[in-house]
Every structure is written in structure tokens, then in C-alpha cells.
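Two complexes are shown next, each including subunit A; its partner changes from subunit B in the first to subunit C in the second.
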Partner chain A sequence: MKKKPDVIINTIARLMIPFIQMYALYVMVGTEGAGGGFQGGVVFAASFVLFVTAFGITKGRSRLPESWNTALSSLGLYFYAGIGILCIILSLGVANYLNYGALPLAELIDRAMTRGLMISFVVEVGIAITVMAVFTSIFFDLAWKPEEDKGGEQ
Partner chain B sequence: MIVPLDLIALFFLVVIAIAAITVRDLLAAIVLLSAYSFVIATVWVEMHAVDVGFTEAAVGAGATTAFMIATLARTKREEKR
Partner chain C sequence: MKPITASAMLLVILLGALFIYVVEDIPAFGDPNSPANKWINLSISVDTTPDVLTGLNDGVVPDILAEKITDRGFPLPRGYKVVEEGGGWNVLIPTGERLYPELQEYYFIKREGDRLWVYRYSVPLRWETKCEEEIGTPNMVTAGLADYRGYDTLGETTVIFTAGVAVILLLRRRGKL
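== the complex of A and B ==
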């Protein structure tokens, strides 16, 4: 099914998508402390949904290929687990998972600051990457039509 | 927390929920569920649970609606009688 691109929808999507993604980044890392990774990932996935709505699923899939989805959905988990295991390795005596005080960064700046930075920039970003990849993957799987495998649209 | 406002919003919530399960047109049901999510998100925010309200607005009114409309495009629009 070939549709003519609508100029209003295309322009609004072009204007809105950068702001939605900026807002998702703000929700992810904007505040120091826990919380916001899941919501930020969902808002980031919503920007891809808007892109697909405006420009068609074939173009959306070429922007975010399936291999990227697979890689990103495990990359976020590696972020989260990796910082925890790094903390285990660095705090050998006590071996606490996600013991941020053992990181060398805690020697330079104080521990509460290190904890805030690690939570908001590593753990939350990891959660957000995984949630974004999984939500876009679900949406593409639901919206994909078999005839589009042959490049029917556009 | 303002009790009359809560009662009005919760009354609308019940009306929207009953409408969503009785309507025959499935696209209308999806839009009513989206409205349900939006109303309950405002109720959460009004009850000072901003985190829950924001999650409900992002997931319920945003992502789930897009998923259900994408699913509806693969099936029939009218419910069988």
C-alpha cells in the first residue's frame, strides 16, 4: 500500500522528535538519584513510534535495524551488571554488588556524589537503553506486515 | 489531595471503563482505554504520586495505545456479534 506522504504530519514529526528525545534524556539523567530509567526509555521508544507513524515502517526499520535492537537490548544489561561486577572486583575485601564507594572515583570526589553519578549515568542509562530497544522491537514486530519484506512501501 | 476532584475523576474513570468494554468498534475501545490511562495518570499526579503518574502517561497512554493500534491494523476493526 503506497501512500502519499502528508506534509503536516512530516513537518510536525520533524519538529517534535528532537524535543521528545531531549526530554527522554532529561528524564533519564537530569536528576541526581535513582528513578527515571524506565520512563526515559519508554519516551525514547515513543519517539521512534512517531517516526514510524510519519515516515513509514520501512524507513524506520532502516534507521534502527534489527541487529541494532538485539545489540542494544543486551548492551543496557551489560552496563548495569558491569558496573556491579566492577564494584565487586574493586572491593575485594567485602565484595558488595553495586558498592559504589569502592570505585576509584570516590577518592577524588565524595561518596554520595559518586553514587549519584553512577546511578544516573550508568545504571539509569543502561536500563533506558534496554527498555528503548525492547519497546521498539515489540512495536516493529507488531506493525510489520509480511508484504513489506519485499520492500513494498516506498 | 482534593476529595471532590478525586471523586469526579474516579467517576469518569468508571464511566470510561464501562464504555470501553461495551463498545463494538475496537478502535473506539482502544481510544477509550487511552483516555482511561490519561485520567488515571491525572489522578495519580493529583494524589502526589508523580512517578507513578508519569509512568502511566508514558506507558499506558503512549506506548500501549501504539501497540494496540499496530495490532488492530493486522485484524478486523469490528468485534464479532
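== the complex of A and C ==
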């Protein structure tokens, strides 16, 4: 059964989603404010939940295809684990795993600043990507109904 | 009353009593000198004799104290340094970190009356006092989450990823990725 699109819900969702995503980016990036990767990722996933609630699951899947979603859910973890491996490789085996201060960037700028930058732009973003993709994927899997399968993608 | 109900009731009452005891026993919230926040008393003490005091003032932990500390399982590493600080002596030890070679605070020997008590600093002290200098952020939570306890957060992220994979395996039945 197809529901008729509701003008109020669609307009308000269209208005809210960009702001929710902007707020999620504000929460996830940076070390000085409140929040972090987990919270930012969940807020970002909430924007997809709102999109699906307003526009239906097939349209939601066309915005975030299943292949992209699956790839993203491991990409964030690769960011986090990869920066740890990079710390060992780029310091030629001197430093420990996840020792951001040993990256060659610390020779150019301050060591403390390097650690802060790595946390805010790689680690937190990696966590946020994984959390966003996993929560969206769980939501889509739970919300999918078999009868919507035929009218689905493409 | 059935025996199982009575035993469950007893367990609930015992648990409640335990919680009340714990709430009474923990240090006041925000007390900067409580064990969780600053240091723990190791219950090691010696009398203040003149040679102990001269030893400490010369920058050496006296043998009588060092032996007691070693018996407790916290041996003093090589290259430590003793610095006098209000009401006692700070024992600084090298931690062997390549990028941060400076000595770190480890023990505090406190003078109380005619006894000397050994305190050990708890872990969050470095985290609290040095996080702005070492990581360049005033936000202690982020510094702890992603840097001092980075392995922990990596594990948490893996847990969330595993949850996603489990839901995909259980509920996705469309044979198409």
C-alpha cells in the first residue's frame, strides 16, 4: 500500500535535515567542544531516519545505497586503525601503535598540535563514519518490508 | 512465602545495603585529594629519624623505606629523583617514553607528625594536569577518549561495527549488496 505524501511532514523534514547534518558535523569534528565521534555519528544517522520517515524507504535507499553504506561502515574503522599503523610505519618502528605524536607532521608543527589535529580530523571522523553507517544500516534492515522489495531501487 | 521469594528478597536487601555502604564510603564528589582523583595511601610508614630525613633531603629514598615499597610490589626504578614539596617529598621516576623523556610524578612521601607515609599518585593526575600541554586541547574528555585511552575507543568502535555486521547477517535477505 502506498501512502500519500504529507505536505507538512515533507516540508519540515526538508527544512530540518540540513541543519541536523550541520550540527552533526559540528559535534563530531574538533577537540574543544562537547561531543565526539559517537555522538556526531548518531546525530547524522538520525537525519537519515528522519528522511526515511518522511519520504519512504525506497527513496531513502536511493540517497544512501546499500553498497555505499556497507563500504562506509568499515571505512571509518580503517581510518582509525590505519592511522595507528601509519604511526608505526612513518616513524620507522620507533613509536607505538596509535602514538600520534610520532608522525612526521610533528617536525613541521608543534607535537601537541599534531596530536590534537589527528584526534579531531582522523580519529573522531573515522568513529563518526562507522557509527553513522552502522546505525543507518541497522535502521534500514529493520524498517524494510518485503512488499516494498518490488518497487525498490532502479 | 515461598523459599525462592524469601531468598530473592534477602538478596535484594543485601544489595541495597551494599549500595548504601558504597555511597557512604566513597569520597566526597569533587574532592581533589581523594584517592580516585589524586593519590592513594599505600599504608607504608616509617618513623622520622634524622638519617631518613637527611637521606630524603639529599635526593635518595632511604633503604628502610625502599625495601618496604619493594615488598608491596611497586619497586623504585633506576634514575628516580626526590624533590621537596610542601609537607613532603615528590619522587619522580623516568617512564621510558621516547617522545616524553621528562620525569613523571609517581610517589609522594608525606610527613604527618613523626611518621612518614607513602602515597602513590593515581593515573588521572597526568591526564588532568598535562593534557593541555601534551595534546593542545583544554577538553579532558576528548584527550582521554582518543589519545590516552585510544585502544579502548578502537575496541568500542569495533563493537559497534560487529553489531552492524550481525544485524546484516540476521535480517538482510535480499542477496544483493
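One rule holds for everything that comes next: the second predicted complex is superposed on the first by the 143 of 154 C-alpha atoms of A that agree within 3 Å, B and C clash if a C-alpha of one lies under 4 Å from a C-alpha of the other, contacts with A are read in each partner's own complex, and residues count from 1 in each chain.
Following the convention adopted for this analysis, a contact is a pair of C-beta atoms (placed from the backbone, for glycine too) under 8 Å apart; a residue touches a chain by one contact, two chains touch by 3 or more.
Quick caveat: nothing in here was measured; it's all calculated off a predicted structure.
When both complexes are overlaid on chain A, the residue A:43 reaches subunit B alone and has no touch with subunit C. When the shared chain is aligned, subunit C comes close enough to touch A:137, but subunit B does not.
By the touch criterion defined above, A:145 lies against subunit B but remains apart from subunit C after alignment on the C-alpha atoms of chain A. In the superposed model, A:113 makes contact with subunit C only, not with subunit B.
In the superposition on chain A, A:55 makes contact with neither subunit B nor subunit C. In the superposed model, A:102 makes contact with subunit C only, not with subunit B.
For subunit A, the partner that touches more of its residues is C, with subunit B and subunit C as the two candidates.
Shared interface residues of subunit A, touching subunit B in one complex and subunit C in the other, are 38, 135, 138, 142.
Across the complex, subunit A meets subunit B through its residues 27, 35, 38-39, 42-43, 45-46, 49, 53, 135, 138-139, 142-143, 145. The part of subunit C that touches subunit A in the complex is made up of residues 98-99, 133-139, 141-143, 145-147, 150-151, 153-154, 156-158, 160-161, 163-164, 167-168, 171-172, 174, 176-177. Those residues of subunit A whose C-beta lies close enough to touch subunit C in the complex are 31-33, 36-38, 66-67, 70, 73-74, 76-77, 80-81, 84, 94-95, 97-102, 110-113, 115-116, 119-120, 123-124, 126-127, 130-131, 133-135, 137-138, 141-142, 144, 149.
Within the complex, the subunit B residues that touch subunit A are 51, 54-55, 58-59, 62-63, 66-67, 70-71, 73-74.
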